[in-house]
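Next up, some structures in structure tokens.
First chain A sits with chain B, and in the next complex the same chain sits with chain C.
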Partner chain A sequence: MNRLLYLLKRILLAIPVLLLGTTATFAIIRLGPLNPAAAIVGPVNSAQAQERLERIEEQLGLNDPIHVQYAEYITDLFTFDLGQSWVVYPGQDTVSLLAQFGPRTIWLGLWAVLIPVFIGIPLGIYAGLNVNTNRDYAASITGIVWRAMPNFWLAVILLALLSRSDTLFLGSGWESFIIETEIVGAPDLSSLGTPEGFVTATKQILPAAFVLGSASMGNELRLSRTAVLEIINEDFIDTAQAVGVSRRRLIGKHVLRNAMIPLIPVITSEAYILVGGSVLVEVVFGINGIGTLFFDAMTAGDLPLAGSLMFVFILLTVCINIMQDILYTLIDPRIGYEER
Partner chain B sequence: MSDPVPQHEPDSTPQSRLERLPLTPTRAWVLVAVLLVLPQVGALLQFLTTSLPVGSTATQVTDQVPVLLSRETIPNQGVHVPGEGWQGTFLGLSPAVVWLLRLVLVYAYGFLCLYWLWRGYLLYRARYRTASWTPLDDGVRRFRQHRWGQFGLLVVLSFLILALFAPAVSPTSLEENVIDPNSNELRYYDDTTGQIETTTVFAANLDSTSQGIPDRHIGPLSYDKYDRFHPFGTLPSGQDLFTQVALGSRISLFIGLVAILISSVISAALALISAYYGGWIDLGIVLLSDATQSLPQLLVVIMLSVVLSQTWIAGLYNGGALLALIFALTGWPSLWRAIRGPALQVSERTWVDAADSYGLPPLTTMRRHIFPYIVGYLLVYASMNLGGIIIGTAGLSFLGLGISPPTPEWGRLVDVGQPLLTTESWHIATIPGVLIVIVVTGFNALGDGVRDAIDAETELENEEETTTAASGAGG
Partner chain C sequence: MSEPDNDSQTGQSRRTILKSAGGVATVALAGCLGGDDDGDSGGGNGGENGSENGSENGGENGSENGTSNGSNVLSLSIPEAANFDPVRIKGDGSQIVSDHVFSELFTLPQGGLEPTAQLVTDYSVSDDGLTYTFTLRDDVTFDNGDQLTAQDFVYSWERLAASDNSQEGETILEGGFQIAHETTTETVDGEEQEVYQPGSLAVEAVDEGTLEVTLESPFYDALFWFAYGSLSPVPEGVVGDIEGYDGEMDYAEFSSQNPVGTGPYEIDSVETGTEVVVSAVDGYHGEAPGPDQISMQVVENTDAIFRRAMNRNVDVFQVPNSRFDPSKVSINETRELSQKVGTYGPLENDETANYMTWDEAYTAYFIFDCSRVEKPIRQALNYAVNQENFVEQGFRGVGEPAYHQAPPTVYPGGKEAYDQHAEENFPYGYREAQVGQAQTVMEEAGYGENSRASITLSLYNDRNPDAYSRIAELIRAKAESIYIDLEIERAPFNTIIDEAVSGNLDMYTLGNGLEYPSPQDMLKFGRPYEGNLVRWREDPSDASEQAANAWETVQNNLEPTDAAQQARSEAYIQMEEAIWQDAIYLTNYHPRGRQWWYDDVDVPVQTSGFHDRLFDGVSFE
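== the complex of A and B ==
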């Protein structure tokens, strides 16, 4: 099987996955014990509320037979007719809500992927090159504890430390560090183009991104350490050493490049965890992104909005999966020739 | 086994009589079992009568049976009269010492029981097992040299003992301290009147709150005004933090174990099926697992726990049963992915072909000739996923979903303590969080140890799977 065919097969397989995932969401929302219309209206204690309930039921098509509802639900979502919000932001279009809340979550996710890559991987490589020394143990144990730390707890602790940072770090607190910002709150992304706006927005997102990326940082540290260890024991490293390749060149060209292969899919699959994990971090840091939007929609009983958001999340994870496979095939030419 | 036959000799001294007792290792092991059960027989009976429908008279009878390791036998609540010392506590010791004593005794008892189990296994291996060697022996031997895995085992066992003996190690009970403080009374020595007074636990709690100001703060390892000892300090409501932490470990363990058990069964069955049949069936299961994983786990858990919050199942164990079920139904793909590889490898071996051509039914082949080889992997990933579930449960409770009061939960304690983190009462949010980190690290370390014990050579692909497994629900 050649690579193009392999990729095509992967993309084809993504369609039933998307369909199954959406069907599960449909089942939870429409077949579950919670009636979406009743959740929107709340307690029905007056004739007006009763009338409103019936009107919303009509509008959502809840009175149709279930297969009609299903067909309508699926076609609506697959044609990107994501409906509207009913409770949290009544009447607002889901797409416009996504445009409004999305950038903040993407900004958070971007940094949450970048921070672990630039801290976790170098630390892991360092540990792998100095294996079984105290420096290696220190780095490894940091990674292990890092992975075991619940995001929400780390967020709470970090928030407390930052708000007390002026007393802990000799007068200069986090709030006045480089640029005056609030610790809690959404970053201002309107002036991202200007240097000052960029620094402000970055500084505001850093603590949250650091927390969100913490688990990935531990994972990447651990994996890059093992990857380096594996490569360093290969025969071609001995050969290169024997023909007199310098240590710098040996590590840079022969070790690191090969160690990167198993790491790239890991980084993309981290993006996966970030999609779900952002809820807790956004709630603690007061960033009103998509995670908070989903959480608010769910707790307020805005099931149509939550369902549409879930579809977007499913689409996102499926796309990440396909992207990962594309990267895989680009990096490792062996893939596709054998059945994986 | 040759038991010495007792003979009657007129001039036998007590010493030689003891030697002639028919005490084989097996009988000694059974004798120790009886000795170990005796101090806790009351607790066992109470558990049986409260969980089985036998009527209130039986419950009353069993409540009279003394339990050695309990708050009743070793009481830590007393009155401190200046000049006279402690009254009402165990042996007149201070509540702190009594509490510590009980904690040490409980842990000694717990580890003794575990050691007894270990001796039992060794005994079985030496005397009763027909095979002189099995692959498990090598695994056990490797694990006995794996310090990191042993650390994990120690942490996990300590967590188990804490959960199992939570009422016995707590300085007070949930019933008295949280659920019904108004009808429980408390005796204490009043400095102003110079006499022993009585008040309700409710009033005492109101006067021993931790709210971040010097007047209202009971930190770890300190007494309140009512002579009560708080090993972890108090909550903002004045309730004892240690009691809630100890009882909170129960629900974490319950959810973790039930969820991992169900998803292990699902994933093992599916892995066997996809390895044995392959082809379209395998592809179908791949699609099912991909679809389940395409829904972000934490978000589905939030969604399901809201949608199902009004149903009867959400009432079981204050939402614990529901959460366990949700985590099981959303968590099986990661387990299945991890054991599908090994199962596929085994299914290509010649002995599976041989079993097939011999005419064994497929189910028997799977159970007898593939399953034993993937149990170890299942154990590794189950241990690692368990940490993720504990974190996920705590995260949900932190958000106010999941476990509802009065059942204590570690995540909710963090939520309660969060506003006070920058004040004096920082202990409330910190202690449960640190415990979560330790317990999850323990489960991960145990998983590492078991993996290294199963196959000595670490494979990178293996490592990749465990790593993603360990980060779990992303909470």
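== the complex of A and C ==
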């Protein structure tokens, strides 16, 4: 089977996954105790208000038989008619909401993936190359501590720390360090093209990205250390050393490239942070992105919005998975998709 | 009409009550100088009483105060910003935006509850109290430049009554205040319902500047309703959601990006879910607002809001309940409607901030479903608790223990009469628990150590969850000793509502914010009628009959006369006593709004929960 066929097969297999995920969302919202109409109306301590509740339920189509609602919901999603939000942003198209909330989360996720990749992996490799030295212990312990600190705790602590950072950043607090920003708030992505806009937006997102990436940073550190250790004890490394390959070339070409293979799924799985894991950090740092939007939509029973977001999340996840498989073959040509 | 939430993480509160909008805890406001220029100019203009909008000054034009050269930018944290359409039910944040962009015929002045003219120069009422004729100011323009005319009201109120987008139609179609209209029968869900007949509203534009409105029946508090947010004018034909109009813009654009009103501010920019910036209207017809620009950022998390305050990026802010220390409060002044002003400190940054609280015009209670919980159990629980403990231990001393349905500000005779009547007549122990009495009631009803009653208490977990957990524990401990096994359940607000309507709950948290300052707005729920969540009708008694009769008296005395008012006041008290007698509620507390600010800004004292949450009166020191 060649790569293209494999790809097609993967895409076909994604359809049931999509169906299952969106069905689960529908079931949770419509068969659970959440009533979006009640979320809109509020207390209904009178006959009139209860009539109003019924009218809104009627408007939203909540009184139709459940299979009719389900069929309509699924047809709309799979024809990419994502509809309008009911409760959270009433009357607004979910597509335009996605377009407005998405970039902030992507910006956050991007840095949350980059920070661990550029700090965790080098540290891990460093530890692996200096195994069982004090430097290794220092790096490893740091990694374990990072891994152990929960997001919600770290976020609050970092927020408090940065607020009282007057002496930490060259005499100025974090807010006025390099460029004036507030600690809490969404980054302004409208002027990313200009150097100043880029620095501002980056600085604004860094604390949140650091928190979001902290667990992965620990993971990647530990994994890359192990991977380097494993490779470095292989026979072919000794052979390469024996034939006089320089240390730089040995590490760069023979150790690192091989050590990368187990790291790929780890890094790509960090990319899921983009979609799901950011709710808490977004809320604490006041970055109103997709995570917050999804959480609000789910708790308010906003079916069109939550359903569409779920649909998009699953699409993203499936795409990332497929990309990951393709990446394997690029890094290690021995991996193929031929049937044996 | 959700409960003002002091400590929520999610903050998706919904309330139909417009006048007490601006959730007590969810607003933090910053006074920062300088827009782009990192400025040094702090020239505060105007505004120690800016929220009045200078309506009684007729055509005075406030623009000579020069908003154009200023650079006062207020930065404000709001819990959400979604939909600003006057006819939608809004969350606290959207309401604040809406309050600044829209204005109504009348408004509540600072320090008082008597509506004063805002968009009108004059008005008259016909002898039968039915027809109101308003002469509109001729110097009012919408943010899009159009002049305000009577026809705009005809359109706006028809939208309120007939549009599919409207969720507030009952403000003019149902209840004591009704604009005359016709109905037609429609079948919804197999049941026949009377619904509004489009185009039948008795609102007429006599000429460009004269508006005539006919009510279904006379109503003493009609002027309040003309000051109510849903009745704000929008330019005729701005959206095409009622018959006869195509709309100048899409509904989504109008409601979430570009609302057009006659208020002191207009929309500058909206970044959905993140930030709304409004600017002072050039040549605003009322008093020129203090801040030239108000930048409202959406921040849901109370910790984040608090951090910004402690960093002093914000000058006006909230302290979340979890960090509130009652011993840091010192009150220097108490005003007529029980607004209190003082200081709070030291804060963790060693500053001492100014502090104010006001009556939110809200009553929080636990509702019993009378068809599921029998009277002796309801009475015993009322005996067993002391409402003071709810406030002290649950809400850290912020709020008033509740005994009546009507909050102190609107109780006939005010706070003094409220306290006196409760002290003399509350049967279940005023500011004390009477466990012995509770046991006696239970024993007389056949309960005892070996035959215990059991009920479930459902709490909402998205409004003041910590406070309610503490209170629920208090109640459970007391219930234990009076032969009641109390099981505690937690659910989101909208689930509780849904289950309550279906009649599946024994006892649950709820409350009601008043829309206009009369006990009637609270007591409309305190009588046996179809659809009442208390289901008093299913457990009839002399008391329920007394409440029904007293309500009848109220309904027969809605005219704006002193005699009618006297009759209403007496009937209100009869209803309160009937409610006590059957113990259909376990009253909890009357929350108070709170706000803190540093010395850099001068903030007008918020009068009451009925007033718009406006920041146009803030000035810079």
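The rule we apply is simple: the second predicted complex is superposed on the first by the 300 of 340 C-alpha atoms of A that agree within 3 Å, B and C clash if a C-alpha of one lies under 4 Å from a C-alpha of the other, contacts with A are read in each partner's own complex, and residues count from 1 in each chain.
Heads up, the rule we're going with is that a contact is a pair of C-beta atoms (placed from the backbone, for glycine too) under 8 Å apart; a residue touches a chain by one contact, two chains touch by 3 or more.
Owing to the predicted nature of the structure, the values given are computational and were not obtained by experimental measurement.
Visitor: Once chain A of both complexes is superposed, is A:184 in touch with chain B (first), chain C (second), both, or neither?
Guide: A:184 sits against chain C, while chain B stays out of touch.
Visitor: Which partner does A:283 reach: the first (chain B), the second (chain C), both, or neither?
Guide: After superposition on chain A, A:283 lies in contact with both partners, chain B and chain C.
Visitor: Please indicate which partner A:114 is in contact with in the superposed arrangement: first for chain B, second for chain C, both, or neither.
Guide: neither
Visitor: Touching A:299, do we find chain B (first), chain C (second), both, or neither?
Guide: In the superposition, A:299 touches chain B and chain C alike.
Visitor: May I ask you to decide whether A:100 touches chain B, chain C, both, or neither, giving the answer as first, second, both or neither?
Guide: The second partner, chain C, only.
Visitor: For A:4, using the defined touch cut-off, is the partner it touches chain B, chain C, both, or neither? Pick first, second, both or neither.
Guide: So A:4 meets neither chain B nor chain C here.
Visitor: Return first, second, both or neither, reflecting whether A:89 touches chain B, chain C, both chains, or no partner chain.
Guide: A:89 contacts chain C only, not chain B.
Visitor: Quick check on the superposed pair: does A:54 touch chain B, chain C, both, or neither? Answer first, second, both or neither.
Guide: The answer is second: A:54 touches chain C but not chain B.
Visitor: Which partner does A:34 reach: the first (chain B), the second (chain C), both, or neither?
Guide: In the superposition, A:34 contacts both chain B and chain C.
Visitor: Starting from the residues of chain A touching chain B, keep only those that also touch chain C in the other complex, and list them.
Guide: 33-34, 156, 159-160, 163, 283, 295, 299, 301.
Visitor: Enumerate the contact residues on chain B facing chain A in the complex.
Guide: Touch residues, chain B against chain A: 286-288, 290-300, 302-304, 306-311, 387, 391, 394-395, 398-401, 411, 414, 418, 421-422, 426, 429-430, 433, 436-438, 440-441, 444-445, 458, 460, 463-464, 467-468, 470-471, 473-475.
Visitor: Which of the residues in chain A end up touching chain C in this complex?
Guide: That would be residues 33-36, 38-59, 63, 84, 88-93, 96-97, 100-101, 104, 156, 159-160, 163, 173, 175, 180, 182-186, 283-286, 288, 292-293, 295-296, 299-301 of chain A.
Visitor: Help me check something: in the complex, which residues belonging to chain A touch chain B?
Guide: Where chain A meets chain B, its residues are 13, 16-21, 24-25, 28-29, 32-34, 144-145, 147-153, 156-157, 159-160, 163-164, 215-216, 218-219, 222-223, 226-227, 230, 262, 266, 269, 272-277, 279-280, 283, 294-295, 298-299, 301, 303, 306, 310, 313-314, 317-318, 321.
Visitor: For a test of understanding, state which residues of chain C touch chain A in their complex under the given definition.
Guide: The touching residues are 1-2, 9-10, 12, 14-16, 38, 82-83, 85, 88-89, 164-165, 167, 170, 174-175, 188-189, 191, 193, 251-252, 255-256, 271-275, 297-301, 303-305, 307-308, 310-311, 313, 462, 491-495, 497-499, 501, 510-512, 524-525, 529-533.
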